[in-house]
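What follows is subunit A paired twice: with subunit B in the first complex and subunit C in the second.
Then we have the complex of A and B:
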């Protein structure tokens, strides 16, 4: 945490004087640490002269900000309307079965986090998923299992 | 009686002068520009269904219940966020709206427990009311995901009962955000948020913490704002909803908040801040709203008691015996030692009427002027300084004035702790963009807290106020920032010229005083320029100004600054003392000082004396009497032997405790009239049980000169065998009659009539006027029949404003090798004064003991760790307490509060005092701090004496 605190402090310092810095700081912290530790919230609040509650409200509002580190691989399955109508249930099931975890979980060895996402902005190729930042469209259960199998432990 | 029902207009009032006409449900109405349709409808008597809207906070538009139809507009806009427009035609009730509202309500109810009959808010629940208003008859949703079911439900959160005064039940929350917005907009603490989103949204104190563990200051704004039982007072849970309510005034600080005392029979259920209260506009703090449990505390003494010697146990007696004992002893002392050998002390906690009677008892009954009051030890320099400069011993503004301020200078005050409701209003103005300058040795919360930051914090060395204020004036004079027109038209020009040439001398420049006060010259210059040129400049100050050897000089330096910059005589500006106690302004107004009759008229003034002599039928002494410290001097000389102390704990609150206790010990008859066996009662021979503010009628005058009614909501409990108890004014009257004075006031209104008859600034005040206007600010007379919110408009009370030379003279209390640190004292939000009341409430969870704040450098030099017991020694004495290490204080400065009797911070304070008024120099004491193992010998002796002197014959559990 000492190192973490130092890194958060450096990020906060980088945005000193920038208006509306809360989101950029939170993105930078997540980028640097892989998540937004609860301990960083008071530091960010103090720097921005906001309350802990306010920063907590922002962090928890956005599902993208996580309160603990994700697995080494991140699989996001779109569960929004267009994908759902085109079979996102099968895609999700395909991932779940192949990885042995449910949506919203991380595998016990920390290899993979599987989570729902609400629209990847790619409805034309529904159903979609995003694996480690890379988009895949027109998926089904089999293709999902195949993608899952390709993940290094 | 019945409940006082306040209309909730849904959104705050608009202050615009432009009027807009529209039609609502076929009726033509006009409303100020910027008014919401919801409010315009409410003002014509139509309440549109609503849940997330309340006039305490800005419109939010989230509940979707207040929908309306507007001709020519598409859809069904929310009436809370839709503003009135010229010619608008609005319908508040149609089939379509009814259907929409029912649908919305049905969704709310699908995730709300249906336990209304056993719910604490049953009958006082807006969700219940609105479900009725929209005609909800059925909930069609099958049980599904919800926050209500307790077992096997990951969304269920248990009740948070951590706060001692209210519960938070997330299962009942409809996520209207009213609590979050109240915390932000009204209180300004920002302790709450909505965490998560959508169906997961929940109210979260701090970072998903308990209320007690969060930044919450327990002001109660969220509880008042909550439309359901989600946030509800524990007292309502326990006792049920109140059945009648009475408007009264808080008996804590000088803000003087109005509350509705909500009752069941004679049982107080809750104190709810009153929206029409002109000091607080519906806001409150933890003390006034919640900390009233002391009124029924088991430590309260309800039976009169006497004893021969202070080492004897107390003997419970009848009222008759107690009062005749006092009368006999007082008369015997006077017979043996002359009429000047007894005196009285009035209370700043009691009503104006009670204070008036005590000074009348002393002047007319004792036949001398030996009357003083606790203002001696707090704001006597304010009285002296402001009277000299402006001609009136009081603050110049009302609290509303801060809404028009552009630059606020806070010096020697800590409003977020001492005057929290005013602080909330100040913070609101600061969030709107006003600038803040703080002059204080300590980094008070206002210097930097969420959404508030001081432009300049001049962290001066304790005792150098005058040097800093003179340096600011130097900048204003030498840089040509004086408001020449104001000075020429409104002030004594010769006095100004004399002052200006003094202040312009190089020795008063920021560069010259930098070494003395420790504030960088550039900061002083910048602060002075901001105050002089930033628009409406207002100064608020507290005991950090007055409780110094140069307290009166500092008040005059403040007045000089305000006059030189023309910051007087209109809203938004002024010089505003924040008074510590509920009625300290009133006790001063009522002639509590030994040299002044009511209305600040000198006792030597024959014409004034004649008014009272005629009415009271006795000659009055034309020589000022003894001040409090002189009473103790005289006691030690053997010439002052009897004292009647009403509602004040001088042993704990006055400086140099040794001097006070030895003075009291030398007296023959000390009479303490109080709720509790306080520290002073340890030295008393007669104890007269007092009544609380809930048990009496009367008035309090707050820091803005506002006379507020105090109304009796329960019978006094201090009957002591008699058929009924006595309000404090009745006790004083009975004592006067035991001494043969023949008083016969039947009600405090008759005492107020006498005050009005004798005192020009109160000439227009009567209970009838107070009933009609709600409250009134003195002067209230022929010239100002409805009172005076802002003083000195167009001219000062004394005529021309008086500039006074304010030479900085360092205090004799200096640091040296033996006592290298400067101790200064203050107070904390949850406790009040000597703590007699607040220590007997659950407020102790926030502040269980007094702590010594010390800078990390000073702590390290002494090998101190956080929480260590330390010995604090001064030339006057020593005490021990625990240390807390913080950089809120500068190196070389230590700080503590004085709320707990065992700490006895005043054992250390010295007998140095203000040159003009004897106000003690509490704020500067040279001390040494060293590690300690436990209580000092003095503390141990004192504890033993306390225990001994609180024994009551026939009772095993002697009260504290």
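Then we have the complex of A and C:
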């Protein structure tokens, strides 16, 4: 925890003097720690001269920011219209069945988080998913299950 | 002898279908064969059904192969890929591919052709001419040229760019800003992403011209977090442009300062709305502001701000270098110039098709797009993203233009066209529109925040067959309130997909076709 506080303090310091620094700070905290710990909110609030409630409001507004770490692997399945038109329902099901969790859940052992994403901008190679930052297009249920099977626990 | 140049796109859409592996396999095979190759990771040409599209540069021009998988590489090389010959997957000269040849590429002229990491390559292909011309002009003349081109906002609102810039130029302010909106959240759209990855200097050039035109000293480029490749590419390009003197305290030798900073979104669709986007850059919740005041008067940090879509800004260098007449010479009615139309979803020839306004929806999805990828009949086409209307084949004669789509209760939005075959269930798509609105609503205004949730409930009831006629009337009433009572386009336009689905596909909602159609005309025409 002490280490965490130190890292947040260093990040806050890095953005001193930047106008509208809240999002860049929150992105940097999440990148460093994997999530935005509740304990970091008062530190960010103090640095930006804002109330804790305001920072909490900002953190919770944006879908990207997590209040607890994601699984060791992160699978994001596009659920928007272009991917739906090419069968993203089957892709989502393929991941769900292979991983034994539903969209929006993390496996009990903390290995994988499966979540929806609304458009990766790959609408001409639909349906798509992003697995640990790597993009995969033209998927189907079988390929999704194959990608899921390739994840180390 | 210089190395053979081979192009394997580094565009995210190409990466998603294996371009990295293909590039590695070609490099390895070349080393084995003792052929000296220079593999350029270009952007995409926008022919996504052919990605990964590999091109080989010959003295006579570039020839293409695609779609190439890593397993294809040995046989392609055996068939003469290094000499620009082939049979299977060989497409001949790239610029003769009909899908490309039929386009009018103004904004995407260089995308997929140049090495996006090279400013020298950008300049060798005509880049930078617009900025140098702008640097020699008084701000009002730059604005006048943009106004004369007829360029309108490509984010969807279609507001004349020249008028917006004139307002910012004439607004009083100790400092002013340019904001490029690359929060491209609409499903079915990828023009911003493709351009940032394939021709990043055109974005920088457009922003710098805007800065000189309106008197701004700083530009913010707001990119959604779902685009990590575009973010990295733009950050690198901004550093390169700064080192070359295009940005910084002496922007393009004008003695005036202009810098660009990338800001990254955080997964909120509503931040694509211009005032929510400004709030987000300021470090606030992405809640929509009431207008007036317009951002042009009181925008970022309270200063006069030109907020433009990324494609709009990247269209400006052409206007400056080729002249406003050349841009305005093509188009349809009040929609001048070209639109990068993005053909996506269940379509055979998927990709980006930049064309003059006026091409009909039917030509786009059938002639250009080749119908559905599944080979089944087209049942619905959603135009303009998740807030755009569903068009049935009966309306395929609609010309692609702001006014023509508005006249048919639709919108062209950012140019996304998503095709669905006859397996689509339209009540489910209408429900999805309401669900998406509920998920993404910023919560500031009641019609959007509450209305979207009530809409999901009504559609659930209709899908379950409960009081369908009564609930359809309620749904229409609700959509009316959302359309006219919401602060921004999220709540205001969600009725478009919902009502178009209800109007054109009443049977999917358990309604008798004729009765609903008549009622529709009465209330929504």
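Basically, the second predicted complex is superposed on the first by the 153 of 153 C-alpha atoms of A that agree within 3 Å, B and C clash if a C-alpha of one lies under 4 Å from a C-alpha of the other, contacts with A are read in each partner's own complex, and residues count from 1 in each chain.
Note that a residue touches a chain if its C-beta (ideal position, glycine included) is under 8 Å from a C-beta of that chain, and two chains touch if they have at least 3 such contacts.
For clarity, every value in this text was computed on a predicted model and none was experimentally measured.
Participant: Taking the superposition as given, does A:85 touch the first partner, subunit B, the second, subunit C, both, or neither?
Facilitator: second
Participant: Using the touch definition from the top, say if A:142 reaches subunit B (first), subunit C (second), both or neither.
Facilitator: Neither: A:142 stays clear of subunit B and subunit C.
Participant: Is A:52 touching anything from subunit B or subunit C once the two structures are fitted on A? First, second, both or neither.
Facilitator: The first partner, subunit B, only.
Participant: Does the superposition put A:61 against subunit B (first), subunit C (second), both, or neither?
Facilitator: both
Participant: After the superposition on A, what does A:19 contact: first (subunit B), second (subunit C), both or neither?
Facilitator: In the superposition, A:19 touches subunit C alone.
Participant: Look at A:97 in the shared chain and tell me whether it touches subunit B only, subunit C only, both, or neither; answer first, second, both or neither.
Facilitator: neither
Participant: Is the number of subunit A residues in contact higher for subunit B or for subunit C?
Facilitator: C
Participant: So which bits of subunit A does subunit B touch that subunit C touches too?
Facilitator: In subunit A, residues 57, 61, 63 are touched by subunit B and also by subunit C.
Participant: Using the touch definition from the top, list the residues of subunit B that touch subunit A in their complex.
Facilitator: By the definition above, subunit B touches subunit A via 189-197, 204-208, 214-215, 448-453.
Participant: Sort out for me which residues of subunit C touch subunit A in the complex.
Facilitator: The touching residues are 12-13, 15-17, 48-49, 51, 184-190, 192-193, 225-228, 263-269, 280-287, 301, 342-346, 350-352, 373, 382, 386, 416, 418-421, 424, 429, 432, 436, 439-440, 442.
Participant: Enumerate the contact residues on subunit A facing subunit C in the complex.
Facilitator: Its residues touching subunit C are 19-24, 26-27, 48, 57-58, 61-65, 80-86, 117-126, 128, 133, 135-138.
Participant: Per the contact definition, I'd like the list of subunit A residues that touch subunit B in the complex.
Facilitator: So the residues of subunit A in touch with subunit B come to 38, 41-42, 45, 49-54, 56-57, 60-61, 63.
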